[in-house]
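See the structures that follow.
Paired with chain B in one complex and with chain C in the other, chain A is shared by the two complexes that follow.
Moving on, here comes the complex of A and B:
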């Protein structure tokens, strides 16, 4: 492990620790819920940073995998509720309203929470793998890959809205039970949920970090910079891209599940264009080529959004400011805040080594006359 | 018989609007390689300019078409100079920047004019309906079809027979070589962008009497128009014409036989498949105009 990797890991660990310590100092259920929500979105940003920043796949449909995870969790939690108006055997309320008489087959496995959680990771990952296979085997890259992911997301969203009887349509899935593990219930407004989210965030951050530092991660970055050259070296370019794309999908799926737990519902807007493009903004602002930067970008922007949209003056102009900020970042900080920090740090580093070298040279220069005198 | 004709006319009407929007997008994308996600907002701004000219100065829609084109061309020119011109080395970033511009334009309109729906009066002379082969159709829709074809013709002539068009085609094929032959590529890019934005503005103005004008109206158009460009291929104007015809008829037909949602989803799936299996577009092989 190189010194730089160690420093990076230390920084990651410090940030994650700071995030984990927040509930110790903050005793406000409402705020904790809000921060947990921001952290979930931070996870989504990590997922996009992995595929966009490291593999060069601009996924304009990152919300697809996010939404799929969210729906998996919502389905499992829905079947745990004590329904107010139900059909014969505890049918979810919206199915009763849509005259569905029997639970559809694809809902049945979700009676088990562990199946639900597994599905929330595997289904998004599988979806990403299929889409990735479809795109990258056909060498669809760049702008066209971006558009394909966007179109795929709109299709999934339209299907969910259209199949109202099985998915709750526009209204999504509401009135959910609390998520519980072995009898311990996670209250959406308690510190437990915050810890759950923070731990998942830390885990996904470090998994993603490990991937970027692995050999596969290096090949993926090489593909981002010069795809053809990597292909000429004999690597299966598509396979590596599919791998990263699926991992990114899985992380987004977990984020989606957590989002359902925190928000206490699932909605087709979770797979919408606005959220997908927001992720792109966060990652661009934070720095797409830094997982931590992307995550912090999400926290900063959503935090700012939360603060500004609460004040009267910025309620309307917020979106305008957001758009402007985004355009400026794209124009002048193509690597985001993390990139800027890195540049500044690099400059300091260079100055320091330069100074060290100069002082060393000064020492030798200082010694030189003595040698002369000796001769 | 008349059901067939009326179905055909519905499709043609959708197609003509599609082509109006897509033409500007296709030119910009074809020449500069920039995917202009703010194109829908240019359409929306055009519609608002039409509304403003009518509400404030009492100008009829037909009389205001030329000013709308000029105003929107100026907007496009400004966007190119301020933002796009700095991004030609990073094409993927232009998607992001133009999207940001789109968000800003939408919100700016919402702040200045308000988010409520606005309505633009149809020109008196065109508010009647016409009967063709037993099917009735509104005269205004026919007028749009006519204007769309006329604008296509104008663009084609510019593209094919003018000095400017010659330079455009040269740049489309190879920017570096074109510029080494003394073509001022950045000037051509700026003009192209302005022209595309002007066309988008005209499209917005022309559809404004058919649909209500709102800050969000652009979003749906940009997706559809992009589909037209992908289908038609980026190198050919004829491809744009043909693909808007196909997509217009197709979505009219699909909406008639199934519901709207499924029709939309199917069109998107078709586009995804097309990008995968024929990324150069359907018409590129035999029509490089």
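Moving on, here comes the complex of A and C:
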């Protein structure tokens, strides 16, 4: 492992540890819930950074996989409320209102929470793989791929809204049970849920990090630079892209599941254009070619958004300020905050090696001037 | 002589009506260094493209080691043992020279095997050898974007060598190179002959004179002549079409 990778890993570990330690110093259920929500969005940014920053696939529909994960969790949690809530035949309440008499077949597996969790990872991943298969086998790239992802998201969103009897339509799926593992319930306003989110975030960050540091990750970056060149080395470019796109979808799916747990509902707005475009902004601000940068970008922007929109001074102007921030970053930090930090660190590193080389030269000149001449 | 390694059989390529290559028949033996020359628009680059799968045939066939390859996808053709250097040097500009070469080592192209591959492993020695061969040993950590034009050409040649294909297709390798660099390239190619089969498209006739065994001349999408330098120089049809009266070396 190279020295640079080790340093990066150490930085990742420190940041993740800091995130994990927040509840130790913060005893405010409301704030913890809010921060957990930010962390979930940070995960979504990691997913986009993987596909956009590393593989060059600008996914304008990242919220599709996010929303699919969210609905999978919501379905499983909804079915857990049936014995408590519903009157007739143990159906979810919105189905009763829509005159559904029998639980649809695709709801039935969600009686099992493990199936629900597995589906929340696999369905988004498979959706991404299928969409990727069509796009990348057909050599759809760049803007066209971005538009395709956006269109696919709108289709899925419309489908969910349209099938009100089975999905809750516009209202989404609300009034959910608490997520629990082996009898331990995760209260949306307790530290446990924060830890759950933080651990998932750490895991997905390191999995994504490992992928980018493998040779496959290198090949993916090469595909971003020169797709044809990679192809003529014998690598199946489409397969590599589909792989990254699916992993990105899976991470977004997990984030979606956690979002449902934290927010206590699922809504078709989770698959919306606004959230998809927001992720692009977070990732651009944080630095799309750095997983950690993208994640921090999400935390910074959503955090600022929250703070500004809640303060009385900026009540009317906060969207303007956010827009200005985005314009400034795009103009002056094309590689985002992480890119700027890397450039500065690189400059220091170069200056240090230069100084070291000079001092070494001074030493050799002092002690053995002939050696210098010989070499 | 055994059967040729590569056979292009009555190939025809048309770009929405414009016939770039028609009725092209060409065969190249194992370990041969073949130069492909011809005036602009003769279809030389298209000929390379149809071997490596970048361009599809309208009719005809391409056989490599007695197997038809013209219906395979690009990566399958590459895996069969064909490497391609492009006219406009094509390297991974955001990645370091080392990473470029690491990607060139594509003996195991699968996603899963590369997912579990970290660090350099057994590629280290070979990568360092190749970097030294093309004079980039001190630039291993330099991003490819920072290399000079000549160095970029060298890097792409090294990438192809890292891939280690049986047949190497090279499109104008000396474009943008200084005379010294061109000379070094000629030496390198002469050293590769025998181990690899090479097909080189080149305009620089001095360079062709330095490396060529057999020259194939293309004109208007067809093979016009084939032979040694002497034969080509003496060929009246070639003189009319391409070389002018000065002969090779002055054109």
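Keep this in mind: the second predicted complex is superposed on the first by the 358 of 375 C-alpha atoms of A that agree within 3 Å, B and C clash if a C-alpha of one lies under 4 Å from a C-alpha of the other, contacts with A are read in each partner's own complex, and residues count from 1 in each chain.
By our rule, a residue touches a chain if its C-beta (ideal position, glycine included) is under 8 Å from a C-beta of that chain, and two chains touch if they have at least 3 such contacts.
Bear in mind the structure is a predicted one, so any value in this text is a computation, not a measurement.
Asker: On the A-aligned overlay, A:277 touches which partner chain: chain B = first, chain C = second, or both, or neither?
Answerer: first
Asker: Between chain B and chain C, whom does A:305 touch in the aligned arrangement: first, second, both, or neither?
Answerer: neither
Asker: May I ask you to decide whether A:239 touches chain B, chain C, both, or neither, giving the answer as first, second, both or neither?
Answerer: The second partner, chain C, only.
Asker: Go through the superposed model and pick first if A:324 touches only chain B, second if only chain C, both, or neither.
Answerer: first
Asker: Quick one: classify A:221 as touching chain B (first), chain C (second), both or neither.
Answerer: second
Asker: Check whether A:70 is in contact with chain B, with chain C, with both or with neither, and answer first, second, both or neither.
Answerer: neither
Asker: Tell me the contact category for A:59 with respect to chain B and chain C: first, second, both or neither.
Answerer: neither
Asker: Using the touch definition from the top, say if A:231 reaches chain B (first), chain C (second), both or neither.
Answerer: Once the two structures are laid over each other on A, A:231 reaches chain C alone.
Asker: Name the chain, either chain B or chain C, that contacts more residues of chain A.
Answerer: B
Asker: Identify the residues of chain A that lie in both the chain B contact region and the chain C contact region.
Answerer: No residue sits in both footprints.
Asker: For chain B, which residues are in contact with chain A within the complex?
Answerer: 35, 83, 86-87, 90-93, 95-97, 99-104, 106-108, 110-111, 219, 223, 226, 230, 259, 261-262, 264-265, 268-269, 271-272, 275-277, 279
Asker: For a test of understanding, state which residues of chain C touch chain A in their complex under the given definition.
Answerer: Against chain A, chain C makes touches at 52, 54, 73-76, 78-79, 83-84, 86, 90-95, 99-100, 102-104, 106, 109, 111, 114-119, 159, 163.
Asker: Spell out the part of chain A that touches chain B in their complex, as residue ranges.
Answerer: Contact set of chain A toward chain B: 58, 60, 134-135, 138, 140, 142-144, 146-148, 151-152, 154-155, 158-159, 161-162, 273, 277, 280-281, 284, 316-317, 319-320, 322-324, 326-327, 330-331, 334.
Asker: Under the stated contact criterion, what part of chain A meets chain C in this complex?
Answerer: 1-2, 211, 213-216, 218-219, 221-222, 224-226, 228-237, 239-240, 243
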